[in-house]
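Look at the two complexes coming up: chain A is in both, with chain B in one and chain C in the other.
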Partner chain A sequence: MYTKSLRCILLLISLTLISGCWSRKELNDLAIVMALGVDLDKDGYAVSAQVMNPGQAGSLSGGSNGSLPVVTYKAKGTTIPEALQRMLSTTPRNLYLAHVRVLVFGEAFARQGVGDAVDYITRNHELRTDFFLLVAKHSDASTILDVITPFEQIPANSLYSSILVAHKNWAGTGKVTLQQFIVELERGGSNPIMSGIQLQGDTSEHGSVKNVQSVIPKSLIKQAGIAVFKKDKLIGWLGEAPSKTVNYVLNEVESTQGSITCPDGGVAGFIITNAKSRIKISLNEKDEPEFTIHLKAEANLTALNSSLDLSQTASIRELEQRLEAKFNNLMAANIRQVQEKYDSDIYGLGEELHRQYPKLWRSYRKHWDEIFRTVKVSVQSDVAIRRIGSVVQPQQKEMEQK
Partner chain B sequence: MTEKHDPQKRREQLPGSLALFLEEMRSRLGNSTDIIYRLLALGPFSAAVVFIEGMAEPQALIEALHRDLPLYAEIGGADPRAGLQLLQERTITLGKVGEVRSLEEIEAEILSGNTVLYIEKAAVALSVGTENLKQRAVEDATSQSVVRGPREGFTESLRENTALVRRRVKNPQLRIEERRMGASTRTSVSVMYMEDRVDMTALEELRRRLNAAKLDSVLESNYIEEMIQDKRYSPFPTVYNTERPDVIASALLEGRIAILVDGTPFVLIVPALLVQFFQSSEDYYQRSDFASLVRMLRYLCFLLALLTPSFYIAITTFHQEMIPTSLLISLIGQREGIPFPAFLEAFIMEVTFEILREAGIRLPKSIGQSVSIVGTLVIGQAAVDAGLVSAAMVIVVAITAIANFALPAFNVGISVRMLRFVLMAIAASFGLYGMVIALIILALHLCTLESLGVPYMSSFAPLRRGAQKDTLLRLSQRMMKRYFGQS
Partner chain C sequence: MKRTTGISALQFFILTFGLTIGTSILVTPSGMAHIAREDAWIASLISMLINLLMVILYIALARLYPGQTLYEILESVTGKWPGKLLTLAYLFYFISLIGTLLGNLGFFVSGEVMPETPPEVVQIIFLIAAIISARKGIIILARVGELFFPWVVVLLLVLVLALIPQIEWNYIKPVLEDGWMPVLHAGLQSSIFQEVIVLMVFLPLVRQNKPRERAYLLGIAAGDLVLSAIVLLSVLVLGIEQTENSTFPAYALAKTINIGNTLQRVEGMLITIWILTYFIKISVLFLSMLQGLRSIFGLKRQNHLIYPLSALFIIIAWNTYINTVYVNDIIATVWMKFASLFLLVIPAILYVTALVRVKLLKQKRPEPSSGSRQQESHKTP
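What follows is the complex of A and B.
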């Protein structure tokens, strides 16, 4: 009895030991890739990987040999995995992809189509699906990954958080994760977008510490609006206002700033605190769909340079109406512009039609892109001004009265 | 079974003469210097007082005998029985007097501190309760101290201990069964219960197990615990022990059975459930809401003490994708240059800590402190500075240790300590997957355990809704029906 159970225990112990700690990876055997860049190369792909340098990035006291907190490795290959494998000839450790924060595509590569790259990335089990996709405007992805940034030791983290902050408080840029991109790509009635980034300033020393050793960093990475895709190919860029419009329609605006002109020619500044949009579809007499975007927004007054008497409800109402008019006109114009210039349905109007009129959609599905170009889209906004700040009258007006 | 309970077998007539008696006693007890034979002449009878110095206090008896000597002279050479009667009725003023009719009994009485008065020619001898062991006074219960609540702890004396319980439960239903266990030590063992509340089948089962226990010696209650516990190879204790009389009192009132062993302040309680090991008597002496929070904290501590190192090993060697990126960056930075794999690192630290703790327990208090200072400095600071272990690992080990100390029952802490190493090894070879399987096995094992026929995991499995008022939470006294076996 004793020997039997003892044997069993010994067998169990050897089972744990013989398996040899399958797929065990010690933390200090890993090279954590923080950002991946994919560029076009004549033989296929040029991949760059921004890898964390743990001795520098992790320790509080800072490393001893004065190296930088990240290292960017580059390699080429006919497929992305091949390029990554080849990269191992230069890296001291295994590349670990689970913590990639951003994936940057070079503009040339994006124009040629990102489908294959996305295929590898979704196929690889190590990568998550919640990192951000970016397009490097007017440059290669690798140059973006070369920049040393202030504040964050790791540029990829800096990029990641700047996207989050900019999206939350400015809304002039996209926040597209891999998951969202794939969903938009696969759906029939919509086309994906990505956010763009751009190098700004003197780029001669962007890859060395000297870049951040001055009060004004020589070069900075800047959010560059939204990249419009048609299927998986980049076809163009949107500026700040059209980008905001896209975010309003996609219900992605958390807060943003804006201004209108007052009746007397002054300027009133607003912060949008809450915005919700809904796409309504009506059929005209020829049974063609017409789209109305209903936008409900709440705004706070943040600045006023005008003689408007804010103690009167009528003047608040006046401001609201002006805001609504601005929303209606500007957004409609921006949508019109995308329709004409890119004929790519990044607003997901087709998807909405699919949902609300599934039968009608069947006849449009094949050639939606052409129809999208001519479809009628209007904007109906409803703005409520909630707060006007701690003072009622502008300072200037009060001074004049005294 | 000791001779005490079966005197019929070896029944012998007492020797007829004093000389014979003394010779017989000397041959049985040897010529030990602490055994005192005091010879007396009570009128016509020769008598002997036998006792053990230090265990018995026969001064009052001897003085009384001397005082009444003239009375015995009056009786004259008549019936020795009359002398005995006189003794019992007049002379002996002490409470406990009994007749003993065999040498075996005389021997047992003397050894337990009583004084035996032998009168020549009488067929009986008298055993007088003069037991007076020098013993520790009732002091604070050091192993389970409380902020609020009674401070008394049990002592090494069985009588004292039963009295401490009686004083708290002034109830006629309280029963004490006494027996002697250990063939060589003949230790008194008392079984205490409330006649009207105890589960009779459990009591019957306990008696059966106590009768079946073959023990040569009983020097501490653990000797009994090992004989009566349900599963010998389980790391979890199925017998609760305490040195607090109030805990025993509340257990008795819940219908449990207490086993008191002479010579140790640690009293056993059966049946013991897992939840009991997370309860402290102070839970009932503090506000119930606070007690509930503290109790939940203890369950958390149990999990922390059991799982922290293995979880750390599992996620840092197998599941790096689960660590938030910024935490990962800092962890990697700390592990940079550490020569050992995470498992070995954890193992070294845990073993070092166990050594430190073991050393601290055995050392005198004054030196113990310096050991812990050296230990913390060496482990905490120097090891990290030398790059042997990472700072994160020191934190992991420290949390584990502190959580372990937060468990109110020492013996469940021991189980956690043992299982921790097993889980660490499993985590190092199979990651979280292995840990989950190990935890499932552990849960199954806990569910198979029983304590004296009561499922160990009750009242979770089987679930008794009514009993949940005093498991994870401690509801206020108004809402609790405190009666074990009733739900």
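What follows is the complex of A and C.
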């Protein structure tokens, strides 16, 4: 009995001693990559990696030796992993990719196709699929990764949270993770999108602390609408309104602001709080599909520069109808514009057709992009105004009464 | 302390369950999604039905020869020498199975979890565990299974619940786009990967008669249901494109878990489930190999065969699992026909022959004494 318990104890001790030392990675041996940038280069890829400098994180003005909380390394190679390996000639530590928050593609690279980069990223076991994909509008990815940002110590974190905030409250940008991108890329009846990013302002000193040493930072990173892809190639950019339309159709709007003109010429501002869309398909007499996007939205009144009598239900109904009309016309116009200009089905209409009419889809599958260009899409919106804020009548009307 | 011999019905259920889930949980969704597309989950339910039919066949066969192991039945039905030949064929099947299992283990662990650890090390360490379990015998393994089972169930529940928020119902539409053919095909194909016939070797060891048959059926049903749930979730969360294109879809699935940015990076849960059930699977196969060798050569003891066999397993693992693509190719072209021979064709022929012999020719039934003989040998020293 004694030897038995002794043996058990020995086994337990060896369990703690021999476990998990084979491929250990000590924290102080790792360079944690926060953001990756991929650009086109004449012999392949130019990769830039924004690496956290843990000794300096926490003090923007520089630590003991005045270095910054992040370092951006750059290297070139015929494949992405080769470039990353070559980067090791300049970094003091091994690059660790599991914590990448954003992956930025340069515009030139995106136009030529991101498929190969996506292949590398999905093949690598260290990278996860939950980070955001971005395209640098009119610039290289490496320029974006050079910028020092205010608020957040680490620019990659700044990018990451600005995507989240903008997506949640503004809806004019995309929030595309690698996983979504792959699904939309590989399905026959949809094309992917990505969110755009742009450098704004005076970019001469964007990479130094001086950039944030004034009240108005000299340069800022700005969300720049949605990038339209056809298969894996970037083919164009959408402005604010078309980007919102895309998000409405894809059911990605959480809340956003909008305005309409009132009957008397004034302006009413709204916050859209709850928007749900559904794509309905009907067949016309020639058995061709026609798409109707049903949008159900809830809106709250936020501003009113008019003398509308808000105590009347009729005027609320009037506002609702105007909002609906605006939705119907604007969204339909935006969709038509994408159809004509890019013929890339970023709305996933083909996939919806696949789900609802699998037999019909089979005959369209091969040449859906051509069909998409001419297919009829209309928008049917249904807006309900829920709250009008803390006061009833608009100030203008109150003043008139005096 | 009361020393019980034999296996309880619950333990047998757990063994069947572990055998069904082990390894399959990682790879099944990929092949399913490849053939049956959006209907992969229907295919996995069909595979459950086929597996149940298979088990019913095994049980019917076992009823004709109560108290006999698979190998003894082979000899009873076909005669001494043809029976031994058939046993050898089954042993060949089991040994190639263990080889591929070990290979799969090495590739998964070194490819996805611990890239810097050579697969050989992982395989050898795991084999050592299997050797210990083989030395201790099936009864101890059954008890180990009983210890593992609650963990497997709890982790599975957490995994499934944690994935629910990410479900995208659109991914499984449309239903039955290409009709029933691809679904049936995928179902049949994946049912061939459930090697529950191995448990025929240990069926006589289960103490109670009726409950053991129920345990056998319930075990495979429960295991296949879990697999169906994993297949369904893979398609619902990852979509067919990613499910089909992943080497280990269930692992990719577990990686996506993220609840409020707090509960994330918990793919370790899936690895734990997999390792526990995998251990059951490989140990059961190992023990059944030992039994088979003993039965062919009429050996009294079997433990001295363990080390040479393990060396053989490792050699087979290193030489069959050359790379993932090669193995997938073999599985797609050869394995299904090869395995269905042992899982369906031979048992079916055996059953018909046995029926003729037992029922029509009124051959004297052998006494159910071999069962008790076996139990003695399994007692731990």
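Here are a few things to note about the model shown:
Assume the second predicted complex is superposed on the first by the 377 of 402 C-alpha atoms of A that agree within 3 Å, B and C clash if a C-alpha of one lies under 4 Å from a C-alpha of the other, contacts with A are read in each partner's own complex, and residues count from 1 in each chain.
As a convention for this text, a residue touches a chain if its C-beta (ideal position, glycine included) is under 8 Å from a C-beta of that chain, and two chains touch if they have at least 3 such contacts.
The structure displayed is predicted, hence computed values, not measured ones.
In the superposition on chain A, contact of A:Q356 is made with chain C only, not with chain B. By the touch criterion defined above, A:T3 lies against neither chain B nor chain C after alignment on the C-alpha atoms of chain A. Legend: residue contacts after superposition of the two complexes on their common chain; A:G55 is shown touching chain B, with no touch to chain C.
When the two structures are aligned on the shared chain, A:E26 is found in touch with chain B, with no touch to chain C.
In the overlay built on the shared chain, the residue A:L17 is in contact with chain B alone; chain C does not reach it. Of the two partner chains placed by the overlay, chain B and chain C both lie in contact with A:R128. Comparing chain C and chain B on the residues of chain A they touch gives the larger count to B.
In the superposition on chain A, A:V183 makes contact with chain C only, while chain B stays out of contact range. Residues 22-23, 126, 128 of chain A touch chain B in one complex and chain C in the other. Chain contact summary for the complex, chain A toward chain B: residues 16-17, 19, 21-28, 30, 32, 34, 52, 54-55, 57-60, 96, 98-99, 101, 126, 128, 154, 157.
Interface of chain A with chain C (complex): residues 22-23, 125-126, 128-130, 179, 182-183, 186-187, 351, 354-356, 358. On chain B, the positions that touch chain A within their shared complex are 316-318, 320-321, 325-326, 328-338, 341-342, 425-426, 428-431, 434. Every residue of chain C that touches chain A in the complex is listed here, in rising order: 111-112, 114-117, 121, 170, 173-174, 177, 238-239, 241-242, 245, 252, 255-256, 258.
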